[in-house]
Structure formats: structure tokens, C-alpha cells
Amino acid sequence: MIVVIRRDATPDQTQAVVDKIKAMGYGVNVSKGEERTIVGVIGVHDNKDVLAAQLSGLPFVERVVPISKSYKLVAREGGHADGVVRLRNGVEIGGIAVHVIAGPCTVEGRAMLLETAKHVKACGATLLRGGAYKPSTSPYSFQGMGKDGLEILAEARDVTGLPVITEVMDPRDVPTVERFADVLQIGARNMQNFNLLKEVSKARLPVMLKRGLSATIEEWLLAAEYIYAGGNHNVILCERGIRTFEPATRNTLDLNAVPLVKELTHLPVIVDPSHGTGRWNLVTPMARAGLAAGADGLMIEVHPNPSEALKDGFESLTFDRFASLMAAIRPIAEAVGRRMAAAEAAV
Amino acid sequence: MIVVIRRDATPDQTQAVVDKIKAMGYGVNVSKGEERTIVGVIGVHDNKDVLAAQLSGLPFVERVVPISKSYKLVAREGGHADGVVRLRNGVEIGGIAVHVIAGPCTVEGRAMLLETAKHVKACGATLLRGGAYKPSTSPYSFQGMGKDGLEILAEARDVTGLPVITEVMDPRDVPTVERFADVLQIGARNMQNFNLLKEVSKARLPVMLKRGLSATIEEWLLAAEYIYAGGNHNVILCERGIRTFEPATRNTLDLNAVPLVKELTHLPVIVDPSHGTGRWNLVTPMARAGLAAGADGLMIEVHPNPSEALKDGFESLTFDRFASLMAAIRPIAEAVGRRMAAAEAAV
Amino acid sequence: MIVVIRRDATPDQTQAVVDKIKAMGYGVNVSKGEERTIVGVIGVHDNKDVLAAQLSGLPFVERVVPISKSYKLVAREGGHADGVVRLRNGVEIGGIAVHVIAGPCTVEGRAMLLETAKHVKACGATLLRGGAYKPSTSPYSFQGMGKDGLEILAEARDVTGLPVITEVMDPRDVPTVERFADVLQIGARNMQNFNLLKEVSKARLPVMLKRGLSATIEEWLLAAEYIYAGGNHNVILCERGIRTFEPATRNTLDLNAVPLVKELTHLPVIVDPSHGTGRWNLVTPMARAGLAAGADGLMIEVHPNPSEALKDGFESLTFDRFASLMAAIRPIAEAVGRRMAAAEAAV
Amino acid sequence: MIVVIRRDATPDQTQAVVDKIKAMGYGVNVSKGEERTIVGVIGVHDNKDVLAAQLSGLPFVERVVPISKSYKLVAREGGHADGVVRLRNGVEIGGIAVHVIAGPCTVEGRAMLLETAKHVKACGATLLRGGAYKPSTSPYSFQGMGKDGLEILAEARDVTGLPVITEVMDPRDVPTVERFADVLQIGARNMQNFNLLKEVSKARLPVMLKRGLSATIEEWLLAAEYIYAGGNHNVILCERGIRTFEPATRNTLDLNAVPLVKELTHLPVIVDPSHGTGRWNLVTPMARAGLAAGADGLMIEVHPNPSEALKDGFESLTFDRFASLMAAIRPIAEAVGRRMAAAEAAV
């Protein structure tokens, strides 16, 4: 951590800052430049942001510049190779095979889910998605089928062999969702619901952590660190678009984040072009772009009849369009030296 | 709700869309312009966003334009006058008197809280703030004193007579926090933690709902609607800055939101210039600006020794600076036809 | 254009709005919904944004919703197929062949430019980039070599046969730049420098229009419309990243824009991952992603010695890394049914 | 400037970076922390951003942290008191008196401008605004009356004694605008039109520089530095709202910028709540808030008949509403220890 001393500080005032930092138990390295003096603070381990705030409040401190990253366990720099998250049916996310997670935004009923699950499996998807607990901006909108939805998802897994991923929104629901699902999803709006993160950090199942609508990459990785530090090392990241000034798409899919996160961490990364664009006709090109940027998989909304979907109909693919997407992404996966994971899904 | 038909749709294709909408049970009004046909959908009450998504997915629909607001109970247009939220000690927020909520970001111990409470009361604050459960971006940072902190807050209330506001982050903690606090605070990161909103909608205490870091005003009011619709009509809004591209301040305090929200709803609005700027030396001018824009009160971080604060030291005011702030805002309150609420706090 | 009448307007007040719109010479279609009356305005051709502002100011008007797009000539909906922009040496941008525009951010001297031009040509680039007039955030930074730089660029074209693209910042410089360059570049900071747009709309050369840092897609297409409407139909768009809250990358490359702009217009689209990320190690994955999303070409910064570059050294590729990029993107181009344009560049 | 060395660099690799920096002619101060080594670079004067980019490109450099601000002449830290800009009729901006600049967005004709000028003067405005050259997002919208508009403005000054401020968009127009106006306005879209900045830096008239839609405060001050460094020391800043994700207001007026810019520079600051909100009914509260935050003046759009305005009708005040605004802001000016400048305008 570096403390920049104000230009108008006298030598005595500067020394007072140095003495204060030493009194807090840290080492210092003072560098007098032509315009300013800067003080390197040595031996900072935990509570970096607290220390930064404290030092910022000292007299004659212009600002404090943190140097080290504040996440550790998920950081690549520990020498980690690419991490692989293994699901209980043996599916591995983060290896050379690329996975497609597909299904409806929301479980609306048994028939539609089973029909969708069979179709996406036939097209090559290797995980099934579907929301049982749904975050809704309006209190008057459909909030999901709850436990009934979980049971339908479990049945679809039994029928198709596809492992199931579904969102958990409430720390009280974690045990229930664990009984039915194979991967716990933390949605974008809950990325900084820290008590929920702590709860899933104690779960047995892998967790897919979606990036918050306005979360910086550092905040996202710190949220992953919560799960990792709590004891759950099976964390998958999911880029799903950020909020910007652009009104033409629902979100701005930040694909820069994919290679950057691969550089900064050892965690696998999934891209969700359905939420990331909010428009079905952009899903296939952005799915291709996501794989080309280096993603380990994709998350795609598929619905038997999007115009009757109870949520997010405009971004869902029909069955035919999903089949076309699967055909369109295979050559991209191969062009980046990966392969589609379909074969492994045969259980 | 208005459906814009694509320019290249034939009359039959347009009619098919109209028939579909009618079959869903809605009335229609078709308007053929020179460039496009638009269809007004009549009789939409609930689930507006779902319907919009469904209609967007129909063939030959270019886009769907929602017309009515999706919040109702908190909307001003029902003819509501300015709402007033009354706390259990009789303090009223939203009337002609302007309130200052002051205290440390975090309860760090008994002595510092009592000292701060006495000071802010002496300066004219009418509510005491202090965090017992703290959202921390990093898992390695201080997470708050929990129930011990709540007990200290309650003691400070007993000593000073100031009602206490504190954050609740977890639906499981609502009953406990209710036992000790006078107002429940929902923090910015939990503005769309819908299960938490539902839980506090059943609480007996008023709720102060902070705006999310990247929440639109409509989303903020819909979050308030969750609380209102669940049965708790004592909702106070708090503007605390939004996330923008500007790095010089921690957040961008959006004061446009104050008069706009006063126009759109009947709920009282508080401004938090401490989080809204992240820099103590901007707090007083922005506190003045907040009142000038029409806020019903302010929320200010005060700490006996900001450079030793465990959180957010850089934005906290010292005791002296808080006294100066209180002196600086009084003429502004009077200039906009309000008065400082200090006298009422004498219990 | 649709006018939404306020809920509290009486029938007479609504009629007054209708009469006013009729008096302005437009047709109307009135639709009385259960909550609100909306008025469709028929026969609006030009000055849509002015009319919208005027109508918004009428009493009892809640808001005005524009329906038609305000750009026309560059819009796809006129039935246009994909447009192709042909340079004077016969190179075509927007066809099946994918182009790579490469070179240094800034022309720093004759030797470095010629060396770079030869290298990028050898690797398969088909256009040469290089700045002679440079927009610099600070007045104390290098502002480019000006006309001397243009002469060096022209020499590099003579030596390599690569057509040259370079930025013009000032309407007074357009004739000079036209004498030396093959494509005029309008930089992000000048996307809404309307007098400059008008000037290049009269130029003989094609124009590549970079998206502004915070320009919506609609504003970008309207800027292209300025050039098109002024008589220059050879317009190429370039997505180069937008400004968001994320500090880890210099800009957020908005690849959603690529398929969206291909849908909305007939203009070719180039992606610039060098400026779009600001980090050399993200350039290759994002170049791949750009092509996978459907771009017609890429713009890449290459420098013989990035750590000595006078501008933007951190995002430039070394010669070796550029060679690797060219190898890495070829399979992506083929995976999306395109081919690299290298062969055509042999002059 | 500080160079952070990567954790995995060997001592030899670190030494190589240090040697390279020394070879560039700078002093160094090496600080070995427990996690990382950081190198302070001493003696950096100009071209800081170029040097930062160069150093970032060195092997084993993790990142470069600039320490000093890159603007100098406009910086407060040189010991400057508050600056005052004096117009040729003696009006002073930046002193204790607060100014209101008022008038229509656009000069639409002689009668409307004279009528407006007389009204705003009668209400206490001390400068007249009005656009003769107008930036229009669409090529099909009104582009202003040009030189005819300037002549009308000059006539209004002769009649009322109010100095005139008007926008210049093109370096070629500066001499013409100088002949008619008293203050040159640089609009938000031209804040980084560097050739225009250089041109007005040589003008005799004061310049009001609006903040760009997505300009950071540092970029804004660097744009001011362009004008100052070119020889024109009469620069006034104008905050007019930034672009954020919020759709409910046209821009987000960033009042944090007001006290921050007063701290960082010695230049006067004006607030424009008309453009900053885009809604006439928010103009008065935000005008009050702007003065309360410490602005030296306000810029307000006034139109005799907003619903017939050729531009920005929705944000313009009627004559009556402007009179009310003037009454509403006076007590705020006094509450912050200022006074309204009206008396001085009597010429």
C-alpha cells in the first residue's frame, strides 16, 4: 500500500504520518520525489480496505493507492493452473470440453420442462437450467414455482441424465435446493448478498456465481473469494452482461471480462448471451463470440414457445433456433482448440 | 401497452398479431401510420413486464412500449399528498421538519458509540445510525459486531432518546433487529434482495430503503412497492449515490432523483452524502445541496476518530466537522421553507 | 410518434392536446385505455426530435414515445443488402473477405512506420493504420507529426501497396488528409463533431466512423447518417469500446453492437480490440471474439517496440505477437464462413 | 509515478526494469515489500501518460500508478485563491455574487430573442444565452441560424446591456463569433475537440467549457488546461450532467463535481440544471441544489413558448416559471453567504 503525501506538507508533518504508520505496526519505505513524497507501507496482510480508509483520513495524506489484490485464494498468481469443477455425475467444467447449459428461464410446468430438457439434450447441451425461485423486479410478477419447480427439475434430470443448475435466492432455501440440484446458481442481483455467499460456501454442491449488474471484476472475484474462503472450492463464474448507458440491448455483455478473468483467476468462466443481450436474435453471434473469447461454456435460454414464456420471452430461443445455435458454435469451439462436451453427457 | 408492428408486415401478418392479442383477453386499438402500424393493448393490469416480453416475441413485432408505470401503491398519481412516516417515539419523517440521521458507519464498541450518540444529539441530530451487520466487499474485512452491536445501539437510545436505525442483511435476522432498532435499513446491495424485502414488509417497524448502486428510479420504486404491497406502509427512500464512470468520487450522488421521486411517489426521501461522495470534505456542500433539492432529511457518518475507523474512515466527519455541518445546513433548510427537527427530539 | 396523456386530464384537456397536434398539421389516432389515453401522431417525417420536445412541453402530456427510427439512409429496413465499401485500390470492405487494418497508433518516424508496414503486410494485413494528427487528453502530450506523418504514410503505401487509413480531427485538414490517405478516420472523440462530419460527407474518400465513448447505437448511426446524407455513401463503422464503470480495462468493448448494427444498417463494421481493451494481452482473444460476432474486419495496433511507443504502448502488439494474432484469427474467420482478405492485398 | 513489479519476477528481472528506467533518465526509489517490489520513478515532468504507457509495456511490470495530477496551470495546489473571470462589461464571474445566465436554447428569431432577453433581465439574469450554431444529433434537425443568429444576439445585448454567451462549434467560426459575443461557449460534445480548444485558447474572450457527457473530472480539467496553456486564462467550467444508466432524466447532474472542482482548481463553476435534468419541473430544485453545492452561477433555458421551441422544449422554463425560479434561488444564495448579481448588471 502506498501513501501519497500532500505537496504542501512540511518535513515534520510528513514525519508525523510516517510515525503514525509505524505505530500501527507496519514497515515503511519513504521516497522523496521532486513534487511529492510517497510512503510505501510494508507488511499489510488483511483488512486492506480498512487500512486504506484509515490512512486516507490522516492529515496531509493526499490519497492511498492499494497495490496488492485483495482476493487471494481465487487468484491465478498463486501459480494455479486452470481449475476444473467436477459435478457429481462426473461432468467437468473448465477442461478442454466446452459445455452448453440450456433450458427455460423459469420452470413453468412439468410438460414444458421435460420437453425442453429432452430437446436441449438431443441438440448437445450437457446441463439443464431452469428457475424455481425467481427474482422479479415487480412484486406483481411471477415469482417461480418454488419447491414444485425443484421437483420437476429433478425429474428432468432423471429422465435425461442432464445435471441441473438452478438459482437459490435465500440462505434459508440452500438445504432444499441442494437436495434437488447439481449446481447452485447465485444470480446477478445476489452477487453481493454476503450471507447467501457464506451459506453456499458451506454447501456440498458447486456454485455458479453470476456477475452483478454493476460489479467490477475485482468485486466479482471477491464475491467468489467469499465462497472459496468458506470452504467450497467449486466455483464457476458467469458473465451475463453489465449495466451501461446503452438502451438498445438489455445489458452490455462484457466479453473483455472473459480473457481478463482467465488471467486473474483459475476459475472456469461461462458466458450467458441470453441475459447479456436480452434479444434472441443476438444470442447466436454472441454465443460464438463468447467461445472465441475463451469461455468454458455457455448458458442459453430455450423455451418451447417464447411468446408465451412467463419471463424473459424476448431473449429465449425456440427449439429450432437452439438447434441452429448448437451447429453454429461447434466450429468456433474447434477453431479455439476446444471441443463440444456433448459426448460426455451420455450417462 | 403499445405494440409497434414491423414495417415489412403485410396486412394479414398484422391482423395475426392483433388476433393473438385479442385471444389473450385484451382490447386493442389499431393505428395505421404512414410508416408503421401500432397497436394499443387495452386492459393490462398485472404482469406488465411479462406481457411485454411475450408480445415482443411475436412474429412481426418490432418492439413493445410500456405506457403505465408498474408500481401503484407508492405512486403519487393516486392523488396522495406527501406521506409522513411516524416512528414509535413520535418522530415524523416527511413533514415540514428536516431530520439528520447521524452516527458511525459501524458500531465498533460501546464507548465510541455512546460518545458519538451524545455528540450528534447535542448538535441536533434526531436519529442515530450505526451498523451491527455490515456488508463487506472482502471476506477478510470486519463484518460487524452482530447482536452485541444491536445491544449497544439500544443502550445508546436509552441514554440519548434518539431512535436507532440499523441495517438488516438477512431475512433470518429481521426478528432480532426488530427487537433493538426503531427503523430497519435495507442497504444498497440488498435493494433487490426480494426475499429480504418480503420479510421486512411484514415487520412492525418502518423501513429505510437505500437505492441500489445501479438501480433505476423505477426499480427502486418497485422495490419500495414490494414492502408496501406486503403490508408495511412506512417506507422511507434514501438516495446514496449511483455507480458511474467517474473515479474521483466513490459514487455519483444523483440529486436529480430527489425532486423526481417526490413527484412520482408520496414517500419521504433522505439523502446520504457520506456514501454518495466517499470524501469527507464533500459531505457538507452535498448535504446542503440535498436539502436544497427537497430532501426530507440527511444521513451523515460521524466518527470520534475517522483515521481509526474500521470502515469508511475517509468519508466520516469528526465531531467538530459534524457540528459545523449542522450549522451550515440550517440556513438552507430555512431557505426552502423547512426547519431543522432538533426540537422534536427532546424526549 | 405517440403522446401519452396524463391520467388526471379531463376529456376537454385531452381534446385540447389533440386539437393542438392537428393544428400543427398532423393526423391523430386517439386510443382511450382503462388507465390512460394515448394519441398516435400520424404524418411525422422530419425533425422528429424537435417535435417530440415540443409535444412533451404541452400541458397534460405525460410523455412522448418516438416510434420510427430517426436515421433513414443507413437503415437496413429500406431493404438494403449488406453494403460493400470499395477503396481506390479495389479493396472491398464488407464482403466475404475479412480485413485486418494494422499499424502503430501514431506515426513516430519514417523508419518505424516503414518497418511496421512491411511486417504487417507480410503477416496478412490489408490496410495500414497510423496517426498523423493525434487527439491527446493532455496539452503536454505528443500531438502527432502532422503533414510530415501523412507523407510518411503515403510513402509506406507506395512501398507496400497497402491502402492507408488515418484520422482527421479538423475540418480544415480534410483536403490535406485526402491527398495522402485512402480512408479518412473519424475518431471516437469527434463522432459528434458535426461540422467535421459535414466536411467528410463531401470528401471523395471512404470514411471510417468510430463510435463515441458514450454514444448510443442510435447516435452512432445518426452520425453515419450525417456523412451519408451529405453525399458520401462509403461509410464504415468501427466499434472501439465504450466507457463504463469497470476500471480493469480502459474501455468495455461492446460486441453486442456488432450483430445489432448489422441488423439495423447495411454498413460494414470493424472491431478495434486494441482501444477496446487497452491491454495487449486481451487483444487476440477479443479479435477472435469480434470476428465470431460478425465483424467485417479488425483494427489492431502494432509497434516495433511498444515500451518505447509515444502513445498507447500498453495496448500495442509486438511484431511477433501480431504474427500470432493473424494465425489465431484465421480459423475463426473460416468458422463463421468468411475468409482472410490477405490475397486481395497483393497489388 | 510508481511501477509495481510482478510477484513472480526474479531479482535480476526486477533489476532489469530498474536499469531501463534509469536509462530513460529518471531517478528511482526501490521498495521491497513482503508481496511485491515497487519502484518510485523520480523526475517525471511532462508526457506522464506516455511514460506510464511505456513503462506498462516493460516485461515484469504489473502496472503503473501515476501519482501527480497531469494538469498544472488550472490546479488549485499552486496556491491559487478563487479565480475571477471578468467580462468586457465589467461583470465578474467567480466572486461573491452569483450569476444567472438565461435565454433560449436556440435563437429562433429576432422577436423571440428580444422578448426573452428583456424578460430574463427584468427577472435578474446577468448574462444572455442563445445558440446560433447548434449541434444536432440528427442531420435532419434544425442546425441554428448561424451568423444571422449572432447578429440578433448582439442586438439583444445592445438593447438590454446583458453580455452574451453563445456556442462555437468549428475552429473556422471563432473569429466571427468573437465579433458578436462576450463569452465563447464550448459545448459538451466538443469538450475534447482539441483543435477547437487550441483555437479559443488564442481568443480574446472568456470561454465557458461544458463538461463532456462522459468526461471524467480529470479530463475536463485537462481540456481547461488546453485553453489556459494556450494563453487564454479566462476559463469558466460548466457542469451540465453526465451520461449514466438512468433513463428517467436526460442526464445525471453531477453536483459532486462542484465542490470537488472548487477544491482541485481555481476556476469558477456554473451549473446547468436545464440540460442536467432535461425536465423543466426539475430545473428549479436542481438550480437551488447547484447553488447550495457552491456553484458560482446557473445557466437556465427560458423560452416564451416552450411547446413551440425548435429545440429542447421540454426542459425550458416559461417566463412565469423563470420568474419563480429567480425568487426561489435568492434565499439559497444568501444561505451560502453569496448574493445575487443582479445589481451589477445595470449598465
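Going in written order, the chains are labelled A, B, C and D, and every chain counts its residues from 1.
Basically, contacts are C-beta pairs under 8 Å (C-beta built on N, C-alpha and C of every residue); 3 or more make two chains touch, one makes a residue touch a chain.
On a predicted model such as this, the values are computed, not experimentally measured, just so you know.
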Taking each chain's centre as the mean of its Cα atoms, which chain lies farthest from chain B?
-> C
Per the C-alpha means, the centres of chain A and chain C lie apart by a whole-Å value of 31
Between chain B and chain C, what is the gap in Å from one C-alpha centre to the other?
-> 39
When you check chain C against every other chain, which residues touch at least two of them?
-> 214, 243-245, 247
Touch graph of the chains shown: is it line, ring, star, complete or other?
-> complete
Within the complex, chain B is touched by chain A residues 20, 46-50, 53-58, 70-71, 135-143, 169-172, 189-190, 192-195, 213-214, 219, 222, 225-226, 229-230, 243, 280, 306-314, 316
Contact footprint of chain B on chain C as seen in their complex | 2, 4, 7-8, 29, 31-36, 38, 40, 42-43, 65, 67-68, 77, 214, 243-245, 247
As the complex stands, chain C meets chain A at residues 214, 216-218, 242, 244-249, 252-260, 263, 276-277, 279, 281-282, 285-286, 288-294, 331-332, 334-336
